[in-house]
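For reference, chains read A, B, C, D, E, F, G and H in written order, and residue numbers begin at 1 within each chain.
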Amino acid sequence: SVLSTESESKPLYWKVDNPTLSPRHLQDLPGFTRSVYKRDYALITPESHVYGPLPDWIDTSGAYLISPEMGSQFVMYLAKLKENSRSGLPLHDVERFIFVLQGVITLTNAAGVSQLLKVDSYAYFPPNFEHSIESDASATIVVFERRYAPLPNHVPEPLVNSTDKQPLLETPGEIFELRKLLPTSLAYDFNIHIMDFQPGEYLNVKEVHYNQHGLLLLEGKGIYRLGDSTQFRRVMSFGWHHSSHNGMLP
Amino acid sequence: SVLSTESESKPLYWKVDNPTLSPRHLQDLPGFTRSVYKRDYALITPESHVYGPLPDWIDTSGAYLISPEMGSQFVMYLAKLKENSRSGLPLHDVERFIFVLQGVITLTNAAGVSQLLKVDSYAYFPPNFEHSIESDASATIVVFERRYAPLPNHVPEPLVNSTDKQPLLETPGEIFELRKLLPTSLAYDFNIHIMDFQPGEYLNVKEVHYNQHGLLLLEGKGIYRLGDSTQFRRVMSFGWHHSSHNGMLP
Amino acid sequence: SVLSTESESKPLYWKVDNPTLSPRHLQDLPGFTRSVYKRDYALITPESHVYGPLPDWIDTSGAYLISPEMGSQFVMYLAKLKENSRSGLPLHDVERFIFVLQGVITLTNAAGVSQLLKVDSYAYFPPNFEHSIESDASATIVVFERRYAPLPNHVPEPLVNSTDKQPLLETPGEIFELRKLLPTSLAYDFNIHIMDFQPGEYLNVKEVHYNQHGLLLLEGKGIYRLGDSTQFRRVMSFGWHHSSHNGMLP
Amino acid sequence: SVLSTESESKPLYWKVDNPTLSPRHLQDLPGFTRSVYKRDYALITPESHVYGPLPDWIDTSGAYLISPEMGSQFVMYLAKLKENSRSGLPLHDVERFIFVLQGVITLTNAAGVSQLLKVDSYAYFPPNFEHSIESDASATIVVFERRYAPLPNHVPEPLVNSTDKQPLLETPGEIFELRKLLPTSLAYDFNIHIMDFQPGEYLNVKEVHYNQHGLLLLEGKGIYRLGDSTQFRRVMSFGWHHSSHNGMLP
Amino acid sequence: SVLSTESESKPLYWKVDNPTLSPRHLQDLPGFTRSVYKRDYALITPESHVYGPLPDWIDTSGAYLISPEMGSQFVMYLAKLKENSRSGLPLHDVERFIFVLQGVITLTNAAGVSQLLKVDSYAYFPPNFEHSIESDASATIVVFERRYAPLPNHVPEPLVNSTDKQPLLETPGEIFELRKLLPTSLAYDFNIHIMDFQPGEYLNVKEVHYNQHGLLLLEGKGIYRLGDSTQFRRVMSFGWHHSSHNGMLP
Amino acid sequence: SVLSTESESKPLYWKVDNPTLSPRHLQDLPGFTRSVYKRDYALITPESHVYGPLPDWIDTSGAYLISPEMGSQFVMYLAKLKENSRSGLPLHDVERFIFVLQGVITLTNAAGVSQLLKVDSYAYFPPNFEHSIESDASATIVVFERRYAPLPNHVPEPLVNSTDKQPLLETPGEIFELRKLLPTSLAYDFNIHIMDFQPGEYLNVKEVHYNQHGLLLLEGKGIYRLGDSTQFRRVMSFGWHHSSHNGMLP
Amino acid sequence: SVLSTESESKPLYWKVDNPTLSPRHLQDLPGFTRSVYKRDYALITPESHVYGPLPDWIDTSGAYLISPEMGSQFVMYLAKLKENSRSGLPLHDVERFIFVLQGVITLTNAAGVSQLLKVDSYAYFPPNFEHSIESDASATIVVFERRYAPLPNHVPEPLVNSTDKQPLLETPGEIFELRKLLPTSLAYDFNIHIMDFQPGEYLNVKEVHYNQHGLLLLEGKGIYRLGDSTQFRRVMSFGWHHSSHNGMLP
Amino acid sequence: SVLSTESESKPLYWKVDNPTLSPRHLQDLPGFTRSVYKRDYALITPESHVYGPLPDWIDTSGAYLISPEMGSQFVMYLAKLKENSRSGLPLHDVERFIFVLQGVITLTNAAGVSQLLKVDSYAYFPPNFEHSIESDASATIVVFERRYAPLPNHVPEPLVNSTDKQPLLETPGEIFELRKLLPTSLAYDFNIHIMDFQPGEYLNVKEVHYNQHGLLLLEGKGIYRLGDSTQFRRVMSFGWHHSSHNGMLP
């Protein structure tokens, strides 16, 4: 296959944590980047990520990819945990979703119960649910946080799971493989989709909607239509958007 | 006439409910769409409609065409009712207008009185007016909802009527035919215009104003100026806008 | 002089009230207009004015040129008074400025005292100051309204005056003639400038600032830089803006 | 009808010879014009016509609209004959076509035979065919000239005729009315089409071809797609082009 | 597979001869086309093809897709042969290549020897080689013609063959399948490539070169980068170009 | 060195206070400016600065470069103090940072203690900290003000210091010299960076982030990428931005 | 007057020879220039002039502003004569026009007769007319050269004259002052216009024509429309063009 | 220094022959390239080079970077010689310049005299000068060829030399280091400049001229202004151009 050579011997999602931040031939071209920042979407390639210490986290640096300052209703950031690192808590009434991209993390709840999560595993914490994320060695996760929108008589539960345990869902009129990481019940006010495209596959619908997305390309490469322009992506992150989009992967 | 062949044997507004979502020769061109999404208007052609279950409705899927998330002060959506479907209610203090595009619906008020509405009929529900929309078979309606702006001593009444019963109004300086579906009294804080253009007719004024429109092309095809660009439309939906516009239909 | 022929025999500001809305050779070109509508400014030429009844006014139609819906902090509209017309009042806490463009109006205050105002005259009404504007015959005024921003110990007074009674002011580094229609004391939270340019004169400073302007070209024609582009204007109205601008008149 | 008022009492093609060169409200806006000049087409509205004496003609001024200097393989110009004017001859081996737009002209051949031609009449002169065009009073014609491309055994004949004597031709797949002013035999290396569109009619094919056109709008107004952009035209002239185009008239 | 449904029961290259020239939902949108015409390339979709009688051919109509008038050094046209049609000869010193897209044609050389060619077959005629192409029924071919550039001691031979008899060639650094329809010896001054892409495959090199191409998409659909923009193609023809290009098929 | 000639004999930061507002060869080109004003950044060169009296200050004129009206969360302005001038106080709960660009100022706190500050010195005033800035002669400062975002148990202290007393900091992956003018403890909710670039040096990271910057070029010249475009700067001021940026100095 | 200060004490046309090539504040901004170079015109400001030795001239350097390499049918260059310099001759059959911008030159013909020419004087040399231009001290001239297009029975004569001796000509429909430096007889195949605009004056016609111009701004400043864009000019040179243009001076 | 790490241990000009054609992270992004191709310049980065056999050369492949097909008056190509390769001769009356980028080549003239040339050496061959270039192992050269423009009494001589033997020349008004590889006598109708820029240095003049350049970046990286846009370059090749340009290296 076209894509087989590169990823053969690497761990899963290896590229996300080892982006081509500084390819020798481009790194010292002042100002050269594939990043774009528009009114209703942003494409933020690794050379534009700005890492800094995460407030309330210990020995962890983070890069905010999506933030309400840019118009979204949630935050999305990459967190790089170092040796003996430990998370802080979300703000009051804010729910959190994490997904492990590299390494192994230890999750501990308020009762002191711990779990190990490795790459492709994830966890959901309802608002005001006490927990900690710790790591003995280097680890990378992507974090989504959002002010929870409560509905009467609906209470979201904390969750720990992994992608490979989720069933394939129907996608009428479409051809890609879809998994959802959170239940579709009304208690949850957002969802996480893992979408798998075979070479040459793409979205048939060219969506224009008011929903907001944060996207992270886990593997492969391809072409993505955002607004009026066509972007070429490999290892990159997307900002929020509510404009027309359509993906072709890989 | 230029336009006669197509619509001859079809029911009224047939094209709105049978859009060319998947013309064979375009459907598998990844990313190809006539949709545009701009700061102050959007043109959302059928291949970009994203349908999902409507919360609180039974067996009904909807596609939001206009939403406050995009900058408007009202919502506009298409609702496709399936067999034995039933509507939910608008939010508190929100008024609702519906217009039947395909099929037959049954309207029932709080007193249990029911009415049948067929294509080209419409209904207006003041805020907090209890009602249900039901359908035994497939039906399609377009729905407008808006937080009602009350004025002292003005109370809007619920209404059921049809376009063909509305009189033609004066349009000084213009040539198209105009009908208004709601009374022009101050009790109503928006209105619905049905505008009929003969071939070669168009708006003389090139409007720039602060009002917001939602438009649905019921029949025919034409050219519409939105902002700086000229769009060609046939079966399509428009988002809100408050920019210059001018239509030529069909 | 280049400009003399046209205005010789016409009353003052005649062109504002007699715009070339429908020049025979352009009126039926569907969609052709010089109007532009941008993020931080708008140029609204007469063929794009949309007149409608002014709420609370009697026999008066108005065209809103600037409105908070577009991003400004004030409204600006043209009001055309017909025979036996009469104004409504501004909203609570809103100040109003009017300037007569055509005809004669009668101003009456709460004590029943009346004054006649003709072209080039103006009046300022502090917030919540009761008054009425009446006209026996056709008259046109431009109106500015704004929610008053009070300062402790500063109270604006009602004013009636005319442009020709205002002194020329210093414009260091600039060459045009400047008059201010309102006092510059802190009690007034906006001002109105009448700027006169001789042929070939222009602003030396290319202003970029956060203030907002509404502009109305009273006489002449010229070139105005708004944002990145150069606009050619004769009888036209401007929306608000806080971008770079620079005028050359006429 | 939309278009009826203007042309009611005017002679045929009156607008071409009485263009709105100097509408009062636009004439002194420095630099304002609808003209565009692109790589493969030009739209030259009357305010951009540059008239000068035509070499070898007596008392005639001309405005070149199309010229090989711009990339075309022919010339097209408007010629305004004054009192007692007289034409010059085309260059050697150059054929000429004329069409009367205003007034009456006298055509005289080498044998001294004369004919009167009025508006809507035309004449074709093969290369090196001696002739003169004379006028006692003001008259306007449009002239096409082209280096004749000879074929063995084909000889074009001189022609005098008028549009109203030409039959309507078939236009399969199209709806407009078509007349050809020259025979379609191989002896003639170009042709002149008179195309009539009713309101709302347009070309169905969006042509992209290598042929070159010169266009003159004789009556009406409309929208014309040239290359990527949509132009609004009323009285205007077109340059050459070999790009995509599509017309909607009027 | 994504692409299987459409082409299942159709003859080879059926889509080229049955393009979606007039899909009901787009055909009467005045001016709407995917065609683009640029300085160094053109994309000419079927709705922009202009057919006319081919000079010297009998009962055949042709649409020129590429012509020296547009900057190329060769011509490419589609020829539709009707019942009892017959070809004309190329100009003196011009070579010709034909490829059968639909139907069956009969090739006859100067000695009167005839051959039947069906879809996917092709023929090459050296300059000044006498031949005729005839058809009893409807047939479609694509024709390339070019002024032959002779080299001393190199003489091209006439050829008749079919694509399926040509071997797959090496494409170092690339992944698509390549066949060449003409010998690569110096006697031939151009070549014809049949390139097969599996879903997700694409050209790795983003070519910028001085060579000129004519392209015809025989089957499938995809994305093609031409110059700065990305085009979506299904059944379409390309003009010449010598700019950067890169294809992803289908 | 390339840059040595100009600044040799001038005082530090002389260019900021002596900008080329009116270079003879450009000053009377109407509308010519390097200023740009975009959705997420602005470049405001000196010819676009609009000075006016600063409210509550005595004999001081100011030019606002950044203001919340433009989308920022802080203000930045240049203040020109004249003879015997004196500052006003910030709004309630607003912190203030000043940096001396020209002349000498006297700082006095609530206890009446005074300090002299010369060029390159700066002061920080926590919210609601009483102080005055006075000058006997002409002086220029840049001022930043921001509504303070308090954290429990963190109290910022007033500060007076100068750039040359701040240590060089680590800039991993980057090569420029960095000094911070405020402590990095959580009590301070913004910071001021003094960045020194040698010829040919630049930022390696092409930042895309949600933070907002105000920038003032103190010395030198260079190229700065803001959003999609590359700007050439010498003496200029920047507005806020949260888009991609990358600097090359000088 | 706006323009009086600068030119008061300088010799005529002083600015052309003393352009602001290196204003201190812009000279070291890499890449910053007002020059533009388009398909059908160029604006070449002094900082883009490239001087080199003129072949066959002695001690003279020249900067070509217009050249057939760019599409024009003539050359235009500035020639700076140094001490004891001497001109070369034009190519065979090439005519030459010179105009003195600074200093004094000595003209000598084949018979050895000499004349002194100072600023504002000019000379015309028919093709193959032997002459020399010499200077003892620094002098600057602008030179036009063109392959002469002969007509039977028309012979151009050599000319020496000065602008102030030429009469003002009629400019119907226009308001500027026009002088022609060469006779308008057919013997001369180009002409030189000296156009004087008072402040606020401009060309009324927005010319689109096939003629080619070379322009040099001798005094003042203003706005010039070239093609689609508006350029601000002071001391600058223009390339050729045959597109729409319109000038407003100064 | 900023730039030192990369080139430390590599042979001279190593990067030109080892371009980053296929960086793992970009190579399979379909259509992604930094190449641009414009009317008057082209930037052709290594991923767009198309290599093919060079006619008349043995075992050598070449990539044409500049060719008259693109508008230039010369050709420029990279030639990669393999083991036992051997050059062909230029066309009749065509001169040739070669420069060694990698490896060692053997030059042999008609008399059988041979010379070894290594990296940074070059040779010039006058038109119709017989010679051969041979290589035992892999070698890379850049070749310029041009139809020689003869002058009476000027005969160019063949040359073999190396850059390090050429003197530094004066560059008045500029700061970079300049060497010329060919004599400046009139016998040579083009020249080759080796320009060395230190970090932060750049061209002061922003050249607009009719000359044509071919550029090859031998070492380093930087920013180059071509026409209206700013390009970032490292290892790349340029096409011809005669537009404004300005370089900043490295």
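Here is the rule we use: a contact is a pair of C-beta atoms (placed from the backbone, for glycine too) under 8 Å apart; a residue touches a chain by one contact, two chains touch by 3 or more.
Quantities reported herein were computed from a predicted structural model and do not represent experimental measurements.
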In this assembly, which chains make contact with subunit B and also with subunit E?
-> A, D
Tell me whether subunit B and subunit C, two copies of the same sequence, contact each other through the same residue numbers or different ones, using over half shared as the line for same.
-> different
Whole-Å distance, C-alpha centre of subunit C to that of subunit D, is 46
Distance between the CA centroids of subunit A and subunit C (whole Å) is 52
Which whole number of Å gives the spacing of the CA centres of subunit C and subunit G?
-> 46
Return the residues of subunit G touching two or more other chains; collapse runs of consecutive numbers into ranges.
-> 2-3, 28, 30-32, 39, 223, 230, 248
Which residues of subunit E touch subunit H in their complex?
-> 39-40, 186, 202-210, 223, 225, 227-228, 230, 242-244, 246, 248
Footprint of subunit B on subunit C - complex, ascending | 22, 27-28, 30-33, 35-37, 39, 42, 44, 47-50, 55, 64, 67, 69-70
Could you please specify the touching residues of subunit H with respect to subunit F in the complex?
-> 2-3, 175, 198-201, 223, 230, 248, 250
